[in-house]
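By letter and in written order, the chains are A, B, C, D and E; residue numbering begins at 1 in each of them.
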Amino acid sequence: MAETTTGLPFLSLLLWLPLLGALLCLLCYRSATVCRWLTLGTTILVLLVSLWLAFAGSTGEAGWLLFEDRSWIEPFGIRYTLGLDGISLLLILLTAFLQVIAVLISWDMRKHPAFFFALVLLLETGIIGVFLALDLVLFYLFWELMLIPMFFLIGVWGHERRVYAAVKFFLFTLAGSLLLLLAIISLYLLHGEQTGVYTFALAALKQTELSFGQELLYYLCFMAAFVVKVPLFPFHSWLPDAHTEAPAAGSVDLAGLLLKTGVYGMIRFAFPLFPQATEKSLPVLAGLALIGLFYAAWIAYLQFDIKRIVAYSSISHLGFVILGLAAWNQTAWEGSLLLMINHGVTTGALFVMIAMIRQRTGTREIDKLGGLWKTQPNLSAFFLLFCFASLGLPGLANFAGEILILVGVFASHPVWGAIAVGGVLFAAAYMLRLVQEVIWGSSCEPFDKSDLCQREWLILIPLALLVVLLGCYPQPALEVMRGPIQLLLGGMP
Amino acid sequence: MMATLMFYLLGAIAVIATLLAITRNNPVHAVIYLVNSFFALALLFFLLGAPLVAAWEVIIYAGAIMVLFLFIIMMLEIAPGQEAGRFGPNWLQWLPILLLAVALGACTLLLTGLDPLGADGVPRWYASPRDFGYVLFKEYALAIEVVSFQLLFAAVGAFYVGRPERKNKPPGEKP
Amino acid sequence: MELLLALIPLLPLVGGVANACFGSRLPRPAQAMIASGAVIGSFLATLGCWPGAAGDGIRTTLFTWLQSGSFTAEVGLLFDPLAALMALMVTGVASLIHLYAAGYMEDDSDQARFFALLNLFVFAMLTIILADNLLLMFLGWEGVGFCSYGLIGFWYHKGENASAGRKAFIVTRIGDLFFTVGLLWLFALFGTIGIEAINARAAELDPTTLTLIALLLLGGACGKSAQLPLMSWLPDAMAGPTPVSALIHAATMVTAGVYLLCRLFPLVSLSPVALGTIACVGAFTAFYAATCALAQREIKRVLAYSTMSQVGYMFLAVGLGSVSAAMFHLLTHAFFKALLFMGAGCLINLAGHENDIFQMGGMAKRSKTVFWLFLAGLFCLAGAPLTGGFFSKDLILATAFAKGELFFMGLYALGVLTAALTSLYSFRLAYLVFAGDFRGEELPHELPKLMLWTLPLLALFGLAGGLLNLPHLFGGHSWLTGWLGRDGDLLQLPLEMEYLLLSVALTVFLLGWLIAHFRYRKLRVSEPGCLCGFFLSGWRCDAFFDRLLIRPFRVLCRFCWQGVDTGLIDGLLEGFARTCLNWGQALRFFADGKISRYLQGFVWGLLLIVGWFLLQAVR
Amino acid sequence: MIVPLEHVLILSTILFLLGLVCVLVRRNLIMILIGVEIMLNAVGLLLVGASAFWQQIDGQVMVIFLMAMTSAEVSISLAMVVYLNRRKGTVDVRAFDEMRG
Amino acid sequence: MSLLELQSLLPQLILALGATAVLMGGAWLENRRVWLVIGMLLALVAACAAALFEPPLVEVAGMYGTSLYARFCTVFWSLCVAATLLISCRYADLHRFGGGEYASLLLFAGAGMSLLSAATSFVGLFIGLEAFTLVLYILIAFNRTDNRGAEAGLKYLVFGAVATGFLAFGIALIYTATGSFHFTEALAGLQVENSLRPLGLAGWAMLLVAIGFKISLVPFHLWTPDVYQGAPAPISGLLATAAKGAVLAAFLPLLGGLGEAGGVVKEVLWLLAILTMLVGTFAALPQTNLKRMLAYSSVAHMGYLLVALLIGGAVGGQALLFYLLVYSLATFGAFGVVTSWALAEEEIQDYAAIRGLGYLHPRRASALAVFLLSLAGIPPLAGFFGKFGIFHAALRSGYTELAVIGVLTSLISLYYYLRPVIVLFMQDRSAYQLRSGCREEYLLLGGCVAAILFFGVYPGPLLELVALVLP
């Protein structure tokens, strides 16, 4: 392959900026303030760069806005290949944005701040890498790179059962990804034997001829990794613990970003590489998605830990997303991706708010909370907004995605669609319970009566604006992802 | 013919002596029996055409090593019978040995069954000390160097380990 | 004109957002002024647009909301006669209620939130009315749900208020599910969600599909309009402030269902089955609610059930295929029910925040004006001759009668019976509240003037509402029917028939009055009998639903959570982990530090290898 | 010929096994070391026999190295025995199971 | 014994003679630090000599080869010895090691290892192996201030002696079968048509037992945890890395030479590999002692290496050597951390003792975390590409089952690698006070971390080098 790099290596810049910031953080670990500002600066810089890409990116070869390809590990034929298209662009924008929020929400981190911020930045590199990588090994590298920082974030800065949650998270996700590794290698070997060219490049591996049996096998191995990360119904059990025990920033990143990497992996790698297997598996996928959609909602309805409620709600929402993918048509896919973005924003916002509430009341127990509106009207108002966004009130973020998914699903599989509609009801059930127990009802006398401080306004206003904007005018996002989705869907069932 | 007879005789002696040696309760007796078996072995070596090796067997093993053992036993004054239940409490530890014996027996039977060597067994053959020395110092000079180094460092180690504890030195202080 | 049209919904939106964001920083009068100003503004805008409404109306498209593949949802407004009529009513009543509320909420700490929600509600309601496609309509549909949620639970300190709001939202949302499915199905069939397009092409569908879709829409309508079986939220919704009850749960939101059915009438009307169902639902709800109203003790609950019952009439009308009758009753009902609620608000104030009618009585002495105004409302409700309520209700019954078939005769009979009950409970209310002398001990709170000024207007509309659609019999020329362009709804009944129906209505009205007069002229406090208790608890529906749905649901949830999630899945994983650890522990046993055991390990290994080789050699 | 090679083989195997038995069943450190010596001698016997069989000298040379190696080893082992005895006051290997698990 | 031969063995000569010199010198001048440093320099010199000096002969005395491969190994072991000496600087002071003896013994061990991995005949192999095994007996018991050292020494001694017996017997049998010690002819003993094949097989069985002991394969591994726990930490490091590596490196060409005939041996190795991976992993799970855990983990890793060993050929060899390198880096680093934590009276090994000390000693703790995660094979650390290479080789040559088992075990292994990290960073402080590290230790640990990170993101050159030196 030729060294095709369009102009400056903006992708590498985007990718390695956070890492640089992390190193700097570690260097000046003595002063927390410096680390804070350094991290904030880095994340904002990343956000700016990605915004710049959003506007400057021009469709280059094979529908990539930007593309980088360098030789890396010759003996194995592993290359350093990055590519940016509409989908990854959106997800990266989301990443950059949420990272800024994550930094702000953990602004006054007392416990080992340098370490903390460095990890947050490292995580950002990992996630962006996943969204950019087009060489399977490179992808796998970043895929795993996400684990370590998250493990530490949960394990060190988490709440009561943090260690259990951290280990569970690590083992679960690794279990999936090791199978992925095996599949990658054997696919590579197979392709090598067929063509004599040993490479991990996605574009090349797509050309491999596979018998249906092989396809299915590899497909399952690939999905093992992605399905755990998403998480789809029976493989979700790490998520509630991880979300619940993680610190605010951790939860935001987990819910907002890590889950998305799973879906991204499916649509970028698993589906294109193994079309036949995908086609056969769609009903199963849809079935699991549907089950998860209701199952998680039902469980959420009974939880006592408000963080757990939100955690299960995101399982439910991801069920929606997967259902949309399984419907396999333009509208549904656009809906799914949109819902991914929206879910990232709303759920992230909810976790942020829960952190603020916990700061004031010192508890996440739903029984101990209540009547926050009396003491913190502004905070409660935002909470109300995000909760209703999350339960899919039209005009707010999630609805736009959900309705598109439903339309798409209904078009191809009316029954699935009709069933899925029911999920919305249960979403209302648990979300309203959450709202009721937290901000309405008799007051729980928080020890800290202060309403939002400036920093918190700074965090919440962008989130709220984004929620409304994505709900009322998601067109730009949809148009950006349209082309790539057509490419991905093209020539498939 | 004579030699063959000798071979079996000496073999029997060696085996019996060894058997006695390993069953003795008192290490001293064991060593004595072992010396016997080594003498028998030495003769076997001679029989198989290795006079020099035979000599060294006597000198090094029977002479040096066994005496060293004896010396240590004396020095540590290890009383006989100190070793209670010397054959171990459980038959389990015999099981693998028996099985192993069976297995190796099977190997050799197999071998004899195949009888790859047929008529020509161990021939009458004699390595004169000269040839021996020639080969040793021509081809294996390097090995000898290494082995000599080895002996040196073994000596050092033995000295270091065996040397009594240096008292009246607080830890961490440089000598 | 388009701009003006756009202003109709936008003004309340702006007002609401303004109040929501900055309200708490503004002086109290300013909050009220913003809110009322916004609504009055949109009322004027509606008036301004009115001329354009005639014929097939005016339409405008603001921007594209969602577009993906063939699915397009634009933010487009359609201002045709039906919409115009509804919009005018909503904005008008809403303006009055806003003024009233300005007085009512004078001394509430959280006024800004109230007005913000109220304005947003008006916006959402207008969106329902003006939307030119179903998705936008759905936005309004859910929007009103949200606002009413917020407003019912406005006084959130009492937990039950908040849970009443939650109940309202969830129950209505059950209806919304049907609506959503219907919407999706319609799109799947037509490839568009534009209301006009759907109406135009409805005829293409085969009857079964049509019926199913119509029933789905009915489901949606039932949810919002509190018809059987989704009615149980409305009585509880009275926990909200009175203006809210007046605006949302009397005049506007509950009629959204009727409006939906009228909007898609061309589609619905193609399926006789669906029409029949609608009619039945309406009639039975009307009857059910009337019986419940008989036994209620709280003034607002009485009114709530009466609302339910009146909306039932409207459904009946739709089911009978007479949109104009439905709309006619809708309008008159809106006026007098708003009047009643606001009057009730005044009464409650006068009675010192006491809303149990058995604790009231003799309120006439406390305020004559309120007495007369409220009485006017009650007369309309009871269908006293020549009041608006009389004409509209009579039109519906007549339509049913005119159908002539047995089925419709039955409905007619039910309707008449309900009418009797209606007048009965109306006058029960009147006597209990006004007759005799005050039974409670609280002193009256004085009424803010603003609250009183608004009532007479409504009373006027309520009483004179009949003029809107005065039948020929009374020398009218059914203006409303004409305006809606539904001359098909005009009845061709022989004159003596008309007189017969009139007399029936009259007798029914008088009958109810008389019974009430003798039963309730002076209160005989008696333990409510079992029947009474049955009615009081709304036929025990809540308990029934609780047993039938809610408890099983909780059990299901608990099973999923503790049975499957923690029990099965986590159990399996922990089991696996523990097994691994146990194996590790078992292996420790071999490494017990004893040299002899280690040596045995050696020998076993040797055996393994030798044995294997032996096998190989033998082969 | 003197004897078939198998017989040398068998003899040395027997001796080797005897040594192994000694190592396995005895608890006395010194006896264990003696067992090792027996094993090594068995090896020596086999080597000598083999070198006679192939009529090469290499085998015998190997025996010499074996002896040298053994003596080195023995010197260290015995030093170790002394050292251990000094520390624990016994040469019973069962006494040395401080570390386990 | 010509001059050329001596030239060809220059590195080994430097090591051995240097060892003697240091020994002599140590007798006169009792300054510990000096001799350690000198020893280190000598080892480095030897490494340079091996790397740069082109030996005139291909094979010396029919016993030792001087191929690129042998030289590469020599460099590697010499560096290991140098590292051991470097990390021991403080440790030796604390435990009052005799500097001269210590350095000289280590140097000679290095010489032995390089001879072993250069051996081309069984005599050479035997002598080389015994050379450094003998030295290790002493080094393990070198710390004369605690009983555990003595016990460890005893255990290693007994098993070493027995293993020697087996090795010798195996060699003898093979010699009987083939009449030659030289690999090329000796390997003929396994040819199927050879009527003495059973003898050869028996010989190989004995050999495998000996190897099994040296690189602690299951079921010959039981001594490993005890010895590693009792030995001085630096020596444990050497045992776990170079001592095993040398044996593996010696047997790689040997097995390669077997070719077709090695089928049977490979089947056994297959069995042993599975056993070793599983048992090593599971046994490590419940450990609460850092050194024991590392010992069992090294057992498991030997399993992975065995997979590569039995695959053999270019692919397997490349995977083996690369894995060996990164594994050695990580393991040695881990033991290095233990070394630098050690107090005068005891080494800090129990998890209970290091609870929450991660923030007190951030540099060494995070270094340990890096080493452990690298051993677990988490990218972007070198361990990942090591495992990657092994799995790649396994799948490529059709040993799918081994790859799968490897994946499973490395998943389970993650748990016990994470435990120390958790203990260090995620629990509250224990009462212990660790020793603060010294310059040399930081130098070494830093070096290991840097190397692991570098090879983790850019393993290309190393892979190419390894492919280059393969026999």
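Just so it is clear, a contact is a pair of C-beta atoms (placed from the backbone, for glycine too) under 8 Å apart; a residue touches a chain by one contact, two chains touch by 3 or more.
Since the structure is predicted, the reported quantities are computational estimates derived from the model, not experimental observations.
J.: Return the chains shared as contacts by chain B and chain C, ordered by label.
T.: Touching chain B as well as chain C, we find D, E.
J.: Taking touch as defined above, what minimum step count separates chain A and chain B?
T.: Between chain A and chain B, the shortest chain-hopping route counts 2.
J.: Farthest from chain E by Cα centre, which chain is it? Let me know.
T.: C
J.: If I average the Cα coordinates per chain and compare with the overall Cα mean, which chain comes out closest?
T.: A
J.: Does B-E or B-D have the larger number of C-beta pairs in contact?
T.: Looking at B-E and B-D side by side, B-D shows more C-beta contacts.
J.: From the C-alpha centres, identify the chain that is farthest from chain B.
T.: Chain centre farthest from chain B's centre: C.
J.: Centroid from C-alpha atoms only, then distance chain C to chain E, rounded to Å. What do you get?
T.: That gives a centre separation of 79 Å.
J.: How far is the middle of chain A from the middle of chain D, if each middle is the mean of its Cα atoms, in Å?
T.: Their C-alpha centroids are separated by 66 Å.
J.: So, what's the distance in Å between the C-alpha centres of chain C and chain A?
T.: 38
J.: Taking the mean of the CA coordinates per chain, how far is chain A from chain E in Å?
T.: 43
J.: Could you list which residues of chain D touch at least two other chains?
T.: In chain D, residues 5, 9, 19-20, 23-25, 27, 33, 49, 51, 53, 58, 61, 65, 69, 72-73, 76, 80, 83, 93, 96-101 touch at least two other chains, as defined above.
J.: Multi-chain contacts only, two chains or more: what residues does chain B have there?
T.: Counting only residues that touch two or more other chains, chain B contributes 88, 93, 96-97, 100, 104, 107, 110-111, 139-140, 143, 147, 150, 154, 157, 161, 165.
J.: Two or more other chains in contact with one residue: find those residues in chain E.
T.: 123, 127, 130, 134, 137-138, 141, 144, 153-155, 158, 162, 198-199, 202, 225-226, 286-287, 415
J.: I'd like to see which chains touch which, written out pair by pair.
T.: Touching chain pairs, listed by label, come out as A-C, A-E, B-C, B-D, B-E, C-D, C-E, D-E.
J.: Quick one: which bits of chain C touch chain D in the complex? Just the residue numbers, please.
T.: 588, 591-596, 599-600, 603
J.: Enumerate the contact residues on chain D facing chain B in the complex.
T.: By the definition above, chain D touches chain B via 1-11, 13-15, 17-22, 24-28, 30-31, 33-35, 37-38, 41, 44-45, 48-49, 51-53, 55, 57-58, 60-61, 63-65, 67-76, 78-83, 85-86, 90-92.
J.: In the complex of these two chains, what residues of chain C are touching chain E?
T.: Touch residues, chain C against chain E: 577, 580-581, 583-585, 587-588, 590-591, 593, 595, 597-599, 601-602, 604-606, 608-610, 612-613, 616-617.
J.: Which of the residues in chain C come into contact with chain A in the complex?
T.: These residues of chain C touch chain A: 20, 24, 63-71, 110, 113, 135, 138-139, 141-143, 146, 149-150, 153, 156-157, 159, 162-163, 166, 169-170, 173-174, 177, 180-181, 184-185, 187-188, 553-554, 556-558, 560-561, 564-565, 569-570, 573.
J.: Which positions of chain A touch chain E when the two form their complex?
T.: 72-76, 112, 115, 137, 140-141, 144-145, 147-148, 151-152, 155-156, 162-163, 166-167, 170-171, 174-175, 178-179, 181-182, 185-186, 189
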